[in-house]
Structure formats: C-alpha cells, structure tokens
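The letters A, B, C and D name the chains in turn, as written, and every chain counts its residues from 1.
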Amino acid sequence: MVKRVGIVGIGTTGFRPITPDVSYREMIFEAARKAYTDAGIEPSEIGGFITAAEDFLEGYSIADEYCPDQIGAVLKPTQTIPGDFIQALATGYMMIMTGAFKTVAIEAHSKASNVKNIDELMGFAFDPVYNRPLRETPHAIAGLEMTRYMFETCTSAEQCAKVVVKNKANAMRNPYAAFGAEISERDVMNSEAISLPLHRLDIAPHADGAVVAVLADGETALALTDMPIWIEGLGWCTDTPTLEMRDWGEAAYARIAAEMAYKMAGIANPAGMIDFAEICDEYSYKELQHMEALKLARPGEAAHLLESGATSFAGDIPINVSGGALGVGHLFEASGAHKILELVEQLRGEAGARQIPDVNIGLAQVWRGVPTATGAVAILSNM
Amino acid sequence: MDLDTCELGGTPLKSSDFEKCKVLTTEWKPNLGYAWDNGVAIGRYLAELKEGRIIARVCHECHRIMLPPRMFCELCFRPTDEWAYVEDTGVVNTFSIARVNWDASRRGPKEPPLMPAVIEIDGATKGMGIMHMLGEVDPDDVTIGMKVRAVWKKPEDRTGAITDILYFKPIRAAAPKKAAAGRKR
Amino acid sequence: MATTEKMSKNTSPTHWEGEIPVNYIYTYGLAGEAFFRAVKDKGTFLGARCDACDITFVPPKIYCDRCFEELKKFIDVGTVGYVDTFTVSFKNMDGSDKTRPRILAMIKIEGTDGGIIHYLEGIGIEEVALGLPVQAIFKPKNQRKGGIEDILGFEPLKR
Amino acid sequence: MGMRKVAIVGAGITKFVRRAQETGKELSWQASKMALDSCGLSLDDVDMVTLGTAPDAFDGVHMKGEYLADGAGAHRKPYMRHYVGGGTGVFSPIHGWFHVASGMADICLVVAEEKMSSCHPHPQGAFLTIFDHTTEQPLKPTLIWIFALEMNRYMQTYGISKADIARVSVKNKGNALDHPSAQVAEKITVEDVLASETLCWPVNRLDISPASDGAAAVVLASERVARRLTDKPVWIDGVGFAIDTAYWATRDLAYPRYVETAARMAYDMAGIKEPAKEIHVAEPYDPFDYKELHHMEGLMLCPRGEAARLTAEGYTARDGNLPICPSGGALGVGNPIAATGLMKVIEIFLQLRGEAGKRQVPGKPTCGLAQAWGDLMQMGTVIVLRSH
C-alpha cells in the first residue's frame, strides 16, 4: 500500500506579461526539462502525465491533442484536467495512491497573452441564457462579491488595496514575478474604476509561463531525492455555478476544500500549524475572503491581520510572499502551479531573497476565477 | 436494471422547432481571436516557406530529420541540434476526395472537390509527412505512393504561411487507372 | 537553456493570427423555457420549491441540486425583491467602456433563496444600499421575446 | 497487485437525440439521477464527483465543467472534470477509478455529457480548430478529412474495400434497434451505405455517426460498499490509456498503436494474456465504421487486417463468437462524444449482469471491454470489466 506521495522535482520558465520568443510548446518544454532534471528522472521512466488546461485559453477546440510532445508523454498514459493545477495534482496523487503508478508528471501553463480579448473569453463562461446576454464585464461578478464581502465583514476598499501593496512589494523579491512594484493604497484607489468597488489595480493582470512538477510514491521519492516535499493534505470543492443561488459573502468552496485538506493532514488548528500560505488573490479582496475561509483568520478579521503585519514577509503567517497573482501575474489553470512552486522552493529552503526562515508546513489555495465557485487546497511539508 | 423499462430523459426537437420559434432560444457569436506566438521553430518554418523552401530540424540522438520543425525532440526529450532543408517533393501517404467544406456545407456542383493528402516529404525521415492539398490532377488518377512536387505561390504573393504552397502536383504522368470496385470517387 | 537556439531577431514572423469561428444557438432547457415563458407572457418570475431541503430556487431548476430530487412544480414568486449585493460597472464584456456606468445588482426575490442579476434603474449610486426593496421592470409585452433582455432592470419598490 | 477493488454498481442514461430541449445541466441530472436510483443511493451518499465532457466548443460555454456542475451532482462536493478528447467517455470511469482505488472516495459518481446541437451551423464547424492553428488550419480542413485519410490508408494497407467496412455500419445500426436511447437505429444494407452521399471519399454519410445530445452516468463503489449495495457488482479489473504524438501526419495511419498501448496496460492490470479468447464482449469506439475494425485490431481482438473479414463472417454479430458493439455503438445509438464512451461502458455493465434485454449476447459473458479513442486520432482509452 502506498502511504505517502511527494513532489520530487519541479521546473518553471518564470512568468512574464508576454512571451513572444517562444511557442507554447517551447515554453512548456523548458519547464518540463528542468523538472525532470531536478527530479533526476527521464520522462520515459515516468508512469503518467497530466496537463491542466482549458480549450479556449489555448485557442483549440480540443487542447488535449497538443499536450504530449513537449512533456515527453508520447504513447504514455496522459490526460487533461480542465481545471486548476491543484486539481490535476489531486488526480496525480490519487493515481499514485492506487498503486498502479509510481510517478506522475503534472504540467500547467498560461499563454494568456495569445488571447486577443481575455475579458470576452472569461465572459464566455457565463450561463448563456441567464447571465451572458447582459454583456457585462466578467469582473462585475467579482465586484458584486467584493461589495457583499466588505458589507458582511466591515472591511473597506482601502483595506483591500493594502493587499495589492503588500503583494506587489513581495513580488519585488521574486525573480519569477512579472508585476512587482512599490505602490501605495492611494495608487490602487486612484486607478481606473472597473466595477466598483474594484479598481484596475485590484485585479491581477495575466501572465505567461509554465510549471511542471513530478510526483512519486514514498519509496520512489526517497530513492530520487533527499528532500521530497510531501503532500499532506488535498481538498477541492465546487459550490453552485448558479450565480443567483450563491452565497455572495463567503467563499464556501474554499472553506469546504480546506476542511477536507486539514482533515487529511490531521491539522486541527490551521492558524497555529500552517507556517505560510500562498492563497488566491486574483482580486485584492479575495486574499482576505480566502484567509477567513481557510480559517487562517477569524471571520471579519482578515483585514486587521493584514494591517497588523502578520501576513507580510516578516510576519507570523506570511501570505503570498511570492507576490501572489497580483504580483506574479494571473496564470489561469497554472495559478495553483505557481503556488505549489513557491511552496516547494520555500520548503526546500531554495527561495533566495524571499526565503522565510524555518518553515515546515505550507498551504496553497486556488480559486478558478469568475464566474466559478470552484477551488482547491494543498498542504505540503518537508518533514 | 433494465433500460427498456426506464423512463429516459432527453426531449428531441426538430430543426423546424427552432425555425418556427416553438422553443425559446438565444444566440451568441463569441469573439475568440488569437495571436499565437510562433516561437523559434515555427517562426523559421514560416520564414523559409516565404522563401520557397521547406526546413526541418535534426536530432543528433535519434537522427530523425523532423517536419514540421521543433526545437526539442519529443522522443529523446532533448533540444534538437540543427536545421536542415528538405525537398519540396514527396510521396502521397494517403489522400481523400472531399466534397464537404470545413463547416459541413457541401461544395457546389461546379466546384471541384478538394484533395487533402498526407505527403511524406523527401529528405525528411521516412514517414515524416505534412497535411496539404493535391492539385493539377484528376481525382480518379490520385494514388497512394504517387510522387508529387510543391506548386508555390509567386514569390511576391508569399506571406510566410503554409498556404505559400498552393498544392502538390504529380511529378510524372499519373499511373493508369485502377479498376477495383469502389474506386470511383 | 532548454533549447539551444533562441529567437534573436524581432523581425522574424512572431505570431500567427486566427480565431475559433463558431456560433451558438442555446435552448433554455425545460426549466428555462417555463421561466422565460412566464416573463414573456405574464411579466412574472417562476421559482421551484424543494420542500425536503426547504429551499426555493430562482431561476427554477427541474431538480434540487442539494438532494437531487425532481422538482415538478414551478411556483409564481412575484417580481419584488431586495438588493443582495451590487457593483457599479464601467466596462462591457469586451473590455470597452460603457457609455454610462451601470449599477449591476443581485436581486434576491422576496421569500426565495435566489433571484435575478440585473441592472438597477431610476436610482443614484449613492442611494443604493444592501437590503433596498426593488421591483422588476419589463419591456412592454409586445416587445418581449422571452429572454433576460425582456427585463429592463429593477427600480426601488413603490409603496 | 493488492489494489483496492472498484465496482460499477449503478448506471443511468438519457436518450441520444440530434437536438435536445434540455440544457446540458438538465441532461446530466437526468442521467445521474437515474444512476443513483438504480442502486438505491441518494446524492448524500456520494463522496466525490467526476465529469467527462469533450470540447467546450460543442456546448458553447468556456469552462463547461464548471457550468455543468450542479446538474452533475457536484454541489459543495469534491468535483473535477477530466478530458481526453473523444476518448473521454471511457476515461470517465478510469478517472472515477482513481478516486475509489486510491481510497479517497468510497462512492464516486461519474457523469458524461455532451450537447453538440448548440454549435451552429453544424457541430462539424467546431472541428476546424482541432488542427494545428499555424501549419494546418489555413488549409481549412474538416474533421472528416482526417478520417478519410486514415480510412484510405487502412484500406490500401490491408486491401479492404468500402463494402467490407460498410458492414460495420449495417451491423451497428441494426443492433441499435434494440437500444432505447438510440437516435439513428435502422435496418440498412451495404448498398445503402455505398449509395449514401460521398462526403470525403472514401467516407460516405452512412459511414459516419451523427452529432448528438445526451448524457450518461455510472456509480462506482469500493468493494465493501459495492457488496452491500448489490449482489451483481461489475468490477473494474483493468484500465489503460495512452496518447500518441500530436504530429499526426508523421504516424502510421493504418494501425492505432495508441490503442494497443492502452490495451496492453489494461490487459496487464486485468491479467489478460489472450484478449481474443478472454474478452467475451467488446464495445470499441465506432464514430466511423472503419474505426471499429481499426480498434478491434489495436485491441488485439484479431490479427491486423483481419477485422473486416471477421465482420463479414458474422463473428462480431450479437450472436457471433465475439460480439462487437451489441449496443449499436456510436453509429446506431448516436454520438454525444463523452456520453457515447460511457454508454459503451454501461452496455458492458448490463451485458455482464445479464440485464441487456433484447441486446443480451448469448453465453453468459463474464469479461468485457469498452474502448474509446480521441483527439487527432491519437488517444486510446480502455477499460476491462468482469462480473466476478
């Protein structure tokens, strides 16, 4: 019986606003080659492969066709998860736990810069009958949610702006990040109104890049590396896709996914046990809302925790030291991939200028973006 | 369980139900536009097509000369090593005589059928084919194994695209017609 | 690093343009058909009640997504509700600027667990508050086609 | 191997129709609800849900797995979509098997849906953009080209005629007369197929399965739970899947080596040494008639190039030695891509339980197989089921 699954190798291209010098294939090959070299394994030895991708972001009707070559998966058991990297990670975890696979490689990437009108594409996810005919910006869904969240938790737009300030500053220490900057709350509040209370700088801009990770069962992992990063907990959840039936204040999908992951990891007191977290901040308020859903802050207290400095780089529970989506860039299906990458580098002690001292347990959480209510959580450790 | 005794879902509609507005519907034309980065390999491939040449990439480990070119060998999983021009001639691996357009509309009675084919390009590793069209040949005369040569657009009309090759035409006179049953296309 | 040769001239052909040239006609489904027939013909909203889960779905569904039982009967839930949340939108779906900012709101229909996402009309931004009672305004009956655009929006409830 | 055993314990399906009034969500619910009812479970009993559905370009919703979630029974549950092009439907229970065999779930609801009719003017239009955007799409290809090219190569390699291949269409459309979900069941002759409109020679209209709307679902359970729920569990004994290179024009089009690779994986897991003898009934994917033959060979159910002869001899008929597509297949029942694959799995499930009614093959089969294929003729998915 397989008891544990660890991450034994990871590779990335880093993230840039545009990547005109490489095709998606060349970009992904770079990340895959680095991951396999990192793991000390050749793709021919790997048991299974997963790509996390959605058709229309790639610009293909069947994006799955184009996944094998650049990850070395020709004639290998390979699948696409049209979901976040962390959902693909969960699939890889389950594959190994069946006992039928010793190793699985997981790839996710973003070439969002190749989509001419990304807002319109996001709007294509709306219910075609009830919502889409209004031709509203997809960010309006986040605007609706932000209003309700602020109302229920007595949080202000200025407090949400502080998330942007923190994360863009964090990104300055991260060589992978595309959108690091020193800015103030005033800059955020003065940026263009998109769907109030959301301003332009409250919204994570998209970026390109690829990440590949290699998973292995416990025995194989220890044979391949001295420091596997273990998957301790996983959770994923989908709340109602019907916007009209949604609970607009609470991120229930994140709460339920976290409960599942905490149970699996045996974590009773998350705020005490988790050393650091990379959580979804695709919109500024989302970091705060998710902190509460993850029980890293009590309801209504996330903004106070932020203002106290507890979630900053040197705080008690650093959140998004990588810079998050606001600082690194929004990566769509690769959002979770970037977060897992950050956890692995931190837990290995390889995070350079942004290394948090003495960390053993990290949490990564993603949300699939508007208009979805789907999210996933992964808890990793180096022990 | 027995499917025959189950009440199955699925309410069939006729296309006339849409035309006569018997059911409510809503329409949408998505604006899904892209500008895909060519990258190194396809960028060069297109640039060479504009010059009237076909270029491939070589892997020194498996010694394959690969078409379309790629910067990595998907089998050896290493970078490919060098560029190599290949011929603009080849062999028909397989073909079809198409009377249907891409959107399933039928070609008009006066429109000639389209003749898509997989063409194994001379100079590339055996089996390395590309999809392209056949032309200047009667549909009944096309055969698998037929030698063909690219017919290029005029240099000034080329844009750096696969369509800089108009089609491939037979190099020699077509082989005599086969009389096998079902051969009429 | 990963490949040995890089693109080094920015005059090389860098990208290829294309699109996914499809269009769609969507049916409304069994529940959606009933809902928009009621909007079109009667100027009212339908919901679907699941007694077991004590929940009223607006828009209606033919199933309760909590317990999965079939919901056979749709009920008239009226056109009055309140602002559950709202946003002031400056952009269209394609990212272009709106000619004027619009207040988009989630209107929870009175006595139900759901509602409609639509615009608030006849009210200034500063006057909107969560909980504000509103009622739906429809296009004139002869202009309704059976769709979300038959609803012009919601306005403050006239007592 | 010491793996946890996983059984199929319930199944549900909708009619397959050219245009359904139901939304994709509603179709998904109809199939899922039927599957749960068939084994006496409620949604509360379901630990996790996985959904298979093919391109977003059919239903016309970006991230359609998210859109379909409530109809698939995902409400506030761990839910994921998986996707391997046309191979998705048979991959669906494989993805579900990961959930249960890993110990993460005891009961997993597996749903497959496709609503192709939303795509206009014809669902075929969505297939232009499966080809490489830069090196192939400018030639304005259709999906049928690629099949025509493969079929021609297959015919040429083994000297098979169009009439040999047409027998598959005749057999499957006839078999489908007994399937209550069937969309295009009819009694036709080889001459009818050959006389039907030539779309892309060698492919005629009756060589092709239709575009369809429909959904299907199965319930998977761990051994402990399965034995409690039913005295006729059907065990998932082998799973296999494999994808070949996306550079499709560089492959041997006469033989589906991706199907063979997937089949070998599944046979190894199931301990099958001689598939032609040990498999009693099979549902290979038949979106085009020659594909059934192609796939029989890839599955090693017969020697290469022999499938057409065996079909002509009645070997693959419902009462033949090795019944192939007794359901009626995609050619007869219809082809809502992902739902078709799962329909095939359900057919084997029913056949092994002896519950296939008029479609029941003789001889009390105990081992069956379903297979689907997808993407640019490159993805193979195989599942081996046994009744004990």
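Simple rule for what comes next: a contact is a pair of C-beta atoms (placed from the backbone, for glycine too) under 8 Å apart; a residue touches a chain by one contact, two chains touch by 3 or more.
Since the model is a prediction, treat every value here as computed from it, not as a measurement.
So if I look at the partners of chain B and the partners of chain D, which chains show up in both lists?
Chains that touch both chain B and chain D, as defined above, are A, C.
Specify the chain most distant from chain C by Cα centroid.
Checked the centroid distances; the maximum from chain C is B.
For chain C versus chain D, what separation do you get between their C-alpha means, in angstrom?
Spacing between the chain centres: roughly 36 Å.
Report the inter-centroid distance (CA atoms only) between chain B and chain C in whole Å.
Those two chain centres are 42 Å apart.
Taking each chain's centre as the mean position of its Cα atoms, how many Å separate chain A from chain D?
Comparing mean C-alpha positions, chain D is 33 Å from chain A.
Where in chain C do residues touch two or more of the other chains?
2-3, 6-7, 14-16, 18, 20, 22-30, 32-33, 36, 61, 65, 94, 147
Going by the contact rule already set, what residues in chain B reach two or more other chains?
Within chain B, residues 11, 13, 18, 23, 26, 28, 30-40, 42, 46, 71-72, 74 contact more than one other chain.
Can you tell me which residues of chain A touch two or more of the remaining chains?
20-22, 26, 29, 33, 56, 59, 61, 68-69, 74, 114, 117, 120-121, 124, 128-129, 132-133, 240, 242, in rising order.
In graph terms, nodes being chains and edges touches, is this line, ring, star, complete or other?
Topology of touching chains reads as complete, every chain touching all others.
Can you tell me which positions in chain D touch chain B when the two form their complex?
That would be residues 10-11, 13-22, 26-27, 30-31, 34, 38, 60, 121-122, 124-125, 127-128, 131-136, 138-142, 144-145, 148-150, 152-153, 156, 161-163, 179-181, 194, 198-203, 213-215, 245, 247, 249-253, 350, 355, 357-358 of chain D.
In their complex, what parts of chain C are in touch with chain B?
2-7, 12-20, 22-28, 30, 32-33, 36-37, 40, 94, 146-147
In their complex, what parts of chain D are in touch with chain A?
Residues 1-4, 23, 54-57, 60-63, 65-70, 74-85, 91, 95, 97-99, 101-104, 118, 126-130, 132-133, 239-247, 257-258, 261-262, 265, 269, 374-376, 378-379.
Can you tell me which positions in chain A touch chain B when the two form their complex?
Per the touch definition, chain A meets chain B at residues 19-27, 29, 32-33, 36, 42-44, 56, 59, 68-70, 72, 74, 111, 113-117, 120-121, 124, 128-129, 132-133.
Can you name the residues of chain A that touch chain D in the complex?
1, 54-56, 59-62, 64-69, 73-83, 87, 90-91, 93-100, 121-122, 124-125, 127-129, 235-242, 252-253, 256-257, 260, 368, 371-372, 374
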